[in-house]
Amino acid sequence: METLRREGEAKTKELEVQKKELDKLKEQHQAHAEELLRVQTRANGTETKVEALRREGEVKQVAFSASLMSSGNHGETGPFNTHTPLVFRYVATNIGNAYNPNTAPVRGVYHFEFYIYGNGHASYSAGAVLTKNGEHIFIAYEHQPSHAANAANGVTLLLEVGDVIFLRQWQNSRIYDSRNRHTTFSGHLLFLM
Amino acid sequence: METLRREGEAKTKELEVQKKELDKLKEQHQAHAEELLRVQTRANGTETKVEALRREGEVKQVAFSASLMSSGNHGETGPFNTHTPLVFRYVATNIGNAYNPNTAPVRGVYHFEFYIYGNGHASYSAGAVLTKNGEHIFIAYEHQPSHAANAANGVTLLLEVGDVIFLRQWQNSRIYDSRNRHTTFSGHLLFLM
Amino acid sequence: METLRREGEAKTKELEVQKKELDKLKEQHQAHAEELLRVQTRANGTETKVEALRREGEVKQVAFSASLMSSGNHGETGPFNTHTPLVFRYVATNIGNAYNPNTAPVRGVYHFEFYIYGNGHASYSAGAVLTKNGEHIFIAYEHQPSHAANAANGVTLLLEVGDVIFLRQWQNSRIYDSRNRHTTFSGHLLFLM
């Protein structure tokens, strides 16, 4: 009887010890649950940011390069007595569907270059203007009375989605191109904004 | 009495079983705590790297594009009998405060292009030099005795923070610009280093 | 005796309560273990993507800029009666070992510009062609009978690893360069593909 009583007391103590440990474990478990939740929230945030960076890298793949004459063709364009859009028929590179029409697919800063070639002529220069939504930006223009002239210009512009960039031949200018590809127009996205 | 003794033994066994399970759970809990810590450390590292990538993307937004004459103005610049800095007064684009003064805001590789236009003249060429901290880098130069000349050059340079890039008009050259914007200067950051 | 029996019953209940809590805790623990595994798997995925983005940033550091004459030298190159590769001896910038030979180190979209300078001559133009694996891409060409001519062109191309880009002097053209660095060739990677 005394033995049973003492054993009973021991068990009571052991039960109390275990209860305390259980309670402590439950608390720690609760703390872990909260930590896990925090880590998952952080993982969500990081994954979103990484995906945004990755997609940005893809979206930034916008570039084109074209020359005036279609393959195998050559000849003069102009002179015209008004400013006339130039259509570049040989497309060397067109990534992100940037060329034709030259509409900005995303908001960002773009770089453009254009090289205009003309046979020398007393009356006709070789010239073209880069335009943004029809507005005159920069001109490439040279006039030689004989032989062969080459003009160039380049510009970097912040474009909104849908802004249209094209080259307009300068009035009374004459532009030549051949399969050698003198007269060219290139552009690419520098960065998103 | 015998019943109580047997029940006591059963409870002792059950207590031992629970104690073992508690100990096992405590061990597993400890293992989880360590795993959680590792995951948090990794999350810290990843977040730091993602933030660095994101900031790099922002810092890389450096680009300018300018032409020589302020809006509505036109005329000759030069000739001067010494090399003279060219100031481009019409700023088409200026992102990351890259232009005026042309001081590199971050260490990196930059691309520059410049297009120089001049009316033909027997004695005066059209020419300008891109300089880095006053040092001659590349020149754009053309000389036509009549009509209209266009010269261009471009360069890619690794710049330290504070390096200064500007264009210097070539001595005894004459540069023309108008609201058509022939004479232009553009630059942008390619990548950080 | 009755006391012992009642205490025994209380312990039995307490044991059952603790067992239930232990079982619940084990279940929760198991759930945490699974959550932790998911978080670790996500951390692995994110780290791999971030490392890929970081490496992509490094790999994209490809740019060169060169001029024709080695330091201190000047003179004419050509005319030659066949197309002849131009070797640019002054290397202003060469990052990612992009120049000499001009072999694409990674698959991607590259931008190139070239500026060709020539003294005027009744019979000799100034011209050079950018070639890709020997194929004619775009030409920079100008012909002035006197004084000084400057031609330029630029192109953006998707290159495979190992594609070779070089400039070929146009036949019967004459190209001049000096320590002023008129005749230059620059290129850089825009983005990987």
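First chain written, first letter: the chains are A, B and C, and each begins at residue 1.
The rule is simple: a contact is a pair of C-beta atoms (placed from the backbone, for glycine too) under 8 Å apart; a residue touches a chain by one contact, two chains touch by 3 or more.
Here the structure is a predicted model, which means the values were calculated and not measured.
For the two copies, chain B and chain C, the CA superposition rotation is 120 degrees, given to the nearest 5. Looking at which positions face the partner, chain A and chain B present mostly different ones, since fewer than half of the interface numbers are shared. Chain centres here are Cα means. That of chain A falls 15 Å from that of chain B.
Among the residues of chain A, those in touch with two or more other chains are 1, 4, 8, 11, 15, 18, 22, 25, 29, 32, 36, 39, 43, 46, 50, 53, 113, 144, 150, 152, 154. For chain A in complex with chain B, the residues that touch the partner chain are 1, 4, 7-8, 11, 14-15, 18, 21-22, 25, 28-29, 32, 35-36, 39, 42-43, 45-46, 49-50, 53, 56, 109, 111, 113, 125, 129, 136-145, 150-158, 190-191, 193.
In the complex of the two chains, the chain A residues touching chain C come out as 1, 4-5, 8, 11-12, 15, 18-19, 22, 25-26, 29, 32-33, 36, 39-40, 43, 46-47, 50, 53-54, 57, 60-61, 63-65, 67, 92-93, 95, 113, 115, 117, 120, 144, 146-150, 152, 154, 180-182, 184, 186-188.
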